[in-house]
Amino acid sequence: MNGGELLILLALTLPLFAAAMIYAVGRMPDVRETLTLVACIGLAIVAISIFVRVGQGDPPALTVAEPLPGLAIAFRVEPLGALFAVMASVLWGVNSLFSIGYMRGRREARQTRFYICFALAMFGVMGIAFAANLFTLFLFYEALTFVTYPLVTHAGTPAARRAGRVYLVTLVGASVLLFLPGIIGVQSMAGSTTFTPGGLLNGRVDAAAGSVLLLLLVFGAAKAALMPLHGWLPSAMVAPAPVSALLHAVAVVKAGVFAVLKVSAYIFGPDLISTLPAATWILWMAAGSIVIASLVALTKDDLKTRLAWSTVSQLAYVTSAAMLPMASGLVAGGLHMVFHAVAKITLFMCAGAIYVATGANRVSEIGGLGRRMPWVFVAFLAASFAIVGLPPMAAMWSKFLLITASFGSGEWFTAAALIASSLLSLVFLMPVAFRALFSPAGDGAGGEFVRPGGTPVTSLVALCVTAAACVVLFVAVEPLADYLAPIAAVSFMETAP
Amino acid sequence: MTAPVLEASFALNVALLLMLVVLAAAVVWTRSLLAAILLMSVYSLVSATWLMVMDAPDVAFTEAVVGAGISTIVALGAILLTRGEAVRVSWKRQVVPGLLAGLVGGLLIYAMSGLPDFGDPASPANSHVGRAYLETAKRDIGAPNVVTAVLGSYRGFDTLGETVVILAACIGVALMLGFGPRATLAPPAGAPGDHHVVLRVTAKMLVPLIILFALYVQFHGDLGAGGGFQAGVIAAVAIILHALVFGLRETTAAIPPQAARAVAALGVVVYAGVGIVCIVNGGGFLDYDHLLTPQIEAMIPAGLLGDPDKPHHWGQYFGILAIELGVLMTVSATMITIFYGFAGRTIDAIAAELRR
Amino acid sequence: MQLEALYVAQPALTAQAPILAIAVPLIGACAAALAPSGRAGWMISVVAAMVSAWMALAVAGEVMREGVILYQLGGFAPPAGIALRVDAMGALIALLIGAVGTLAAVFSGHSLAAEVRPEKHTLFQAGFLLAQAGMVGLVYTGDAFNAFVFLEVSSIGTYALVAAGERRDRRALPAAFNYLIMGTIGATFYVIGVGFLYGATGTLNMADMAARLGTLDQNAAVQAGFAFIVAGLGVKAAMFPLHGWLPGAYAHGPSLISLFLAATATKAAIYLMARFLFEVFPDGAAFGDMFLQWVLAPLGAAAVIVCSLQAVFARELRRMIAFSSVAQVGFIFLGFSLANASGLSAALFYMTAHGLMKAAMFMALGGLAISIGARRLEDFAGVAREAPWTAVAFGIGAASLVGTPLTMGFLAKWQIMEAALAGGRIWIFAVMAAGSVLTLVYVGRIIEVMFFREPAPGAPRAKESPVGVLVPLLILAGLSLWFGIDASLPQQLAQAGAASLFEVRP
Amino acid sequence: MLIVAGVAGLIVAMSLMIVRAVLGPSHYDRILAANSFGTKTVLLIALMGYLFGRPAFLDIALVYALINFVTTIALMKFFRYRSLARPLAVAGGEDGADG
C-alpha cells in the first residue's frame, strides 16, 4: 500500500475510529471533546497532505472493492475534492470548538450522539470528496443523509421530527427517483461512472439523452437545494446552531453542490454542457432560485431561517456556475463553494452565539446587542460583507468571476440575477449587524444574559477564526484558483479576466 | 385388425366418450356430494375401459385401482367430515371461473388441430423416442413389456420421483390427519345376532387372495400390465377391506400406523438405495447394468430363468425387481396411511359431534 | 471468489455430485421420517441439507470449469433416458436452494419447537427435505416430464407443511388449502403443456425438444403447450395475477416453511420458466416474443406496483413481506421481458439476491416468533431494543430489499435497471424506480416501528433469538452484505448462465 | 359377430345404468346402478380381450371386479354406519344394527 492509498484510507477511517472512540468514552465529556478535537486536527492534517499531493501532481487513488465489473467503490482525488476535503475538515475542527461552548452552554441532551453523528458525517464527506466515480459518490452521499438525520431531529420535538421527515423524504426520494436513475443512465451509456477529466459522456450521448441525464443528476442532488427541491433546508433549521453551521452551511449542502460541480466537470464536461439545452434551463432555474430565495430571506424574522434562505440562494450560484457553458465557470463555482462555506459558517456560529448567550433568535430582538457582544457582531458584519461580495472578502472574487463568466457566455439573465441577489443580500444581512451595533437602544440593549458570561469563549474563538479566514482568503485567491484550474481542463490564466 | 373389429372399436369409442360427457355433466350438476363421488367412480370405470380400447392396459389398470377404487373410499372418508351437500354459489361468482374453464377448453380444442392423428405411425410420438424404445427395449433391458422397461429402467428416475411424490402425500396426510386424538372404537363383534357373517367370512377369505393377486400383479409386471404401483394399491385394498369389515382397531393392531409410515419411507430407501449401489459399483445412479458386480453375476446359475443360451441382463432384471419392490412398499403403505388418516378422523368427527 | 478454482470434492465424487445433491436429501427425508425423535430428525435434516449444498457447490465449480454438465441416469443417453443437465443458471439456483436449505435446517431446531406440535417434528423434517430434494431436482433436470415430477415432489409435501402452522395460526389451514388447489392446477397445466409438446415432438428431453421445435412455431399444439406451460409455471412462480395462494401460505405457515418457500420455491419455478422461454421454445417464435412483450412485461409491472401498494397497506408484518415477494417476482419478470442476456443475467442475480434477503427477513421473524407470537406490525414496536441482533439481521434483509447500496439488492436492481436502459425500455426503468420507492415506503414503515418506536405497555416482550437461530440468521444477512460488496460468485454464474441460453439464439 | 352384439348389448345396459346413476332418485338407486355398472364393465373388458385377442385383459377385468366389490362395501358401510372405521358386525349397537 503506497502513501496515497494510506492517506485516503486514513481520511476515511479516522472519522469512523473517532466515532467509535467517542461512543466508548461518552460518559466523560472532557475526554470525549478532547478526542473530537484531536480527530479534527488529525483529519485536517490528512486532508491537507492529500491537498498538497494533488497540487504536486501525485493524486492519491484507492480501489476498495468492485462488486460488479465496471462498478467499483474507488477513490481518486482531484483538486476540487481535495479542496472540499480540506475545507470540510478544517471547518469541522472550528465547528467542534464552537460546539463545545454551545452544547455545554445550552445543556443539550444526547451530546455523545451529537458528536458521534458529526464524526460519521465527516466520514461521508471524505468519501464524497475523494470518490473516483459517481457510484462511490452516491454511496457516501446517501450515508451522509442517514447519519445527519439524527442531528436534524436532535431536539426530539414534534417540529424537529417533522423537519426530519421532510429532510429524509426529500433527500432520499430525490436520490432514488432522480439521482440513482441518472447514475444508471450514465453507466448504461458509458459503461462506467468514473469521473473523467473533460467529461465521461462527452461524445457519447446526443442532446436529448444528455439533457435528461443532466436534469436527473442535478435535481437528484437535492442536497444542492435547487428550487423546487429546497424545502428541506429551511425546515432543517430546527436543529441546533452547530448542526446548521457545519451541515447546512458546509458539509451537507456543499456535498450537494460539490456533486453538481463534479457531474458538470467530469461526467459531462464543459464542451458537452455547452451543447445541452437542459443546461440552459437549469441555469434559468438557478437564476430564479437565486432571486426568489433572496426575496424570501428578506421576509424572515428568524435569524437562522433568514440565513438558510440565503444559503439556498448562494447554492444556486454554484449550480449556475456549474451550468455555465464556459470552463471558467467551474473554477468560479469551486471557489464560491469554499468562500461561501467560510462566510456562512461564521454567520451561523454568530447566530448560535447570540442564541446561547441571550436566547434571542429573531432579527427584531437584537437591537443594540452589539454593544455587549462586539466580537460576535463584528464577525457577523465581516461575514455579511463576504456574502454580499464586498471587498476585502474572498467571496468577492468568486462572485466577480461568476458574473464575468455569465456575461462572457452571454447569459445576461443569470448575470442580472447574481447582481440583483447581491443587492438583496445587502438589504437582508446588513441591517442585522447594523441594528445590533449601531442602534442605540433596542430589545437586546438591556437585560441580563441568559447564560452568565455571555458567549462561551470557545465559541467566540471559533467564529473569529472563520471571520478572519474570509479576509485571509481574499489574498490567497489566486493560488487557489490556479489549483482548481485543472478541473476545467483549461489553464486558469487563459480565461481569467 | 380386421375391418369389423375396427368399426366395433370406433362405435365403442363413441359410446364410451358419450358416457364420459354425460357423467361429467352430471357430476357438475348434482348437489349431493355422495352422488358426485359415486358418479366420479363410475366415470373412472368408463375412462379406464376407454383406455383399454385405446390399448393402454397399464394406464387403465392404474385408473381403475386409483380412480374407481382408492379415491372413492378416501372421498367417502372425506365427506364424513363435511356436510353432504355442496354450498349454493351465486351465479355471479361462477362467471369468471366459467369463462376461464371455457378458455382452457377452447385452447385444448384448438391444440387438437396441431396434434397428429391417433395411431399415426409417422407421428413424432411414434417415430422418435417411442420407436426407439420398441426397438431397443428387448436388447437393453430384456423385459418383454416395454412399458415396464420404460418405467423401470429408461425412465426409472421419473418413477423414483413419482414414488417420492407418493411418500410426500403419505407424509402430508400423516401430518394433517394422523395425530388427532382417537375416539375409542366400539368393541369388535362376534356376539349373537351377527347379521354380517357372510360378509365377514367372505372378507376373511378374500383378503389373502387379494394379496396373492397383488403379488401376481407385482411379479407379472415384466410380462404384462402391472407392476409395483398397481400391486401396491391392490395390496392396500386388501387391508382396507379388512378394516372395513373388521374395524380399524383390528387392522391397526395388525399394521400399526407407525409401521405403515415406516414402510412407506423404507420403500423409497430401497429404490434410491438401488441407485446408490449402482454408483458404488462404478456406474451412474440407477444404472442397473452396474447393480451387480461381475463376481455376483457369475454366481447366478445360467438357467435360472428359462433358456440358458439367451443373453440375460441380470442387472436390469434384479434392478427392476428391486425398485418395483420399493414402489410396492411405498404405495401400499401410503394408501393404508391415507385410509387410516381419513377413517380414523371420521371417528373423531363423530365423537366430537356426539359430545356437542 | 473464482468458482473455477473451487475444488470441494474429489473428481469421482464431483462426477456424481449432481445426482447426490438430489438423492441425499431424498434419502435423508426417509431417514428423518424413520427417526426416533424430533432431535434426531433435526440432525438428519441438517446433515442431509448440508451435503446437498456441498454437492451443489461442487457442481457449480465444475460447471464454471467445464460448461454444461450432462449426467445420464440409468446409463441411457437422452432422449431415451433421463439426463440431468446443469448449466450455470441451474448451478446458481441450486446453490441458493442448498445454502438456504442448510441454514433453514439449522434454524428449524428452535423454530419447530415453538410452532409445530412435537409429535409432528420428524415428519415435518422429512417433508422439508423432500421439498429441498424436489427443488434441486427441478433445477438440475434436463427432462420436461422429470421436471414435472420434481415440481410435484417439491410441492406436495409443502402443502401439509404450511397447514402445520395451524398450531400458532388457524388461518394456516385455509391458506394451505388455497395453496394446494392453486398449486395442483399449476402443475396440471404444466403437464398438459408438456403433453402437447410431446405430441408434437415425440420427446421429453428439453434439449432434444428445442431442436425439434425449431420449425414448429406455427403448430397449434405447440402454441397451446406454450400457453399451458407458461400459465402453469406462472401459478407456481406467483406471477401476477396468479399469485393468490402466496400471501396466505407465506403469512400463516410455520416460519421454516415461509422462509424456505419464499427463498426458493418461486425461484425454482421461475427458473424452469426461463428454461422454457429461452431454451426450449423456438428462437424468435412469434408467440414467445409476444408473450414477453405484451404479457410478461405488463404483468411484471402490474405486480410491482399493485403488490407493493398492497404491502404498503397490509396490517400484518408477514403478509406485508409476502406481498412484497409477489412484487419482487414482478421485478424478476421485468428482467426476463428484456429478452436479452443482460436482462436475464440481471434477473438471475435478482433471484439470488431476493432469495437470500427474504430468507433472512422471514428467519428473523421466525426468531422473534419464538418469544412473541406477534402478527400485526404494531406488535413489533421496539423489538430492536429487546432483540438487537435479530432486528439488525432483519434490517439488513430489509435494506437489501429496498436496494440500499452495499447490499446485494442494490446490485440486483442496478443491473436490471441498467439492462432496461440499455434495451431502450424506459418505461420498465420507470416502473422499477417507482417500485423501489414504494418498497422504501413499506420497509420504512417496518423499520420505523421496529427500531424507533416504543413498545406498547403490556405487550409481550421480545427476546433475543437463541444461538441456533442467530447463527444461520446472521450468516444469511452477512451473505446479503458480502455479495453486495463482492458479487463475483453469483455474478459469474448468472452471467455464464444467461450467456449459455442466449448463445443458442442468434 | 356374436361378440360384437354382446358388446353392443353391454353398452346399452351400461347406458341405462348411467341414466339410473345420474337420476337417482335415492342414493341406493345410485349405488346399485354403480355396482351393476361395474359388473358390466368387467364383462365388457373380458369381451374386448377376446375381440382384440388380448387374454391379458382378463387380469384387468379381475381387478375391476375386486375394486367394485370393495367400493360397494365401503359405500354400504358408509350408509349404514356413517363411518369407515367401525367394525361391521355390532349386534344391537347404538345404530340399531339390525334395523
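Lettered A, B, C and D in written order, each chain numbered from 1.
Just so we're on the same page, a contact is a pair of C-beta atoms (placed from the backbone, for glycine too) under 8 Å apart; a residue touches a chain by one contact, two chains touch by 3 or more.
Keep in mind that what you see is a predicted model, and the values were worked out from it rather than measured.
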| item | value |
| --- | --- |
| Central subunit by CA centre of mass proxy | C |
| Selected pair, greater C-beta contact count between A-C and B-D | B-D |
| Chain B and chain D, separation of their C-alpha mean positions in angstrom | 19 |
| Mean-CA-position distance for chain D and chain A (Å) | 91 |
| Gap in Å, rounded to a whole number, between the CA centres of chain C and chain A | 46 |
| Averaged-CA centre spacing for the pair chain C and chain B, given as whole angstrom | 32 |
| Residues within chain A bordering two or more other chains | none |
| Residues within chain B bordering two or more other chains | none |
| Junction residues of chain C - those touching two or more other chains | none |
| Pairwise chain contacts under the document criterion | A-C, B-C, B-D |
| Footprint of chain A on chain C - complex, ascending | 404-406, 411, 414-415, 417-419, 421-422, 429, 433-434, 436-437, 440, 483-487, 491 |
| Sites on chain D touched by chain B in the complex | 1, 4, 7-8, 11, 14-15, 18, 21-22, 24, 27, 30-31, 33-34, 37-38, 41, 44-45, 48, 51-52, 54, 56-57, 59-60, 62-64, 66-71, 73-75, 77-78, 82-93, 97-98 |
| Contact footprint of chain C on chain B as seen in their complex | 107-108, 110-116, 123-130, 132-133, 136, 140, 153-158, 161-162, 164-165, 167-169, 171-176, 178-179, 261-262, 264-266, 268-269, 272-273, 275-276, 279, 283-290 |
| Residues of chain C defined as touching chain B within the complex | 16, 19, 23, 26-27, 29-31, 33-34, 71-76, 79-82, 117, 119-120, 123-124, 126-127, 130, 133-134, 137, 143, 145-146, 149-150, 152-153, 156-157, 159-161, 163-164, 192, 196, 198-204, 212, 219-225, 227-228 |
| Chain C-touching residues of chain A, taken from the complex the two chains share | 65-69, 71, 73, 135, 138-139, 142, 172-173, 176-177, 180-181, 184-185, 187-189 |
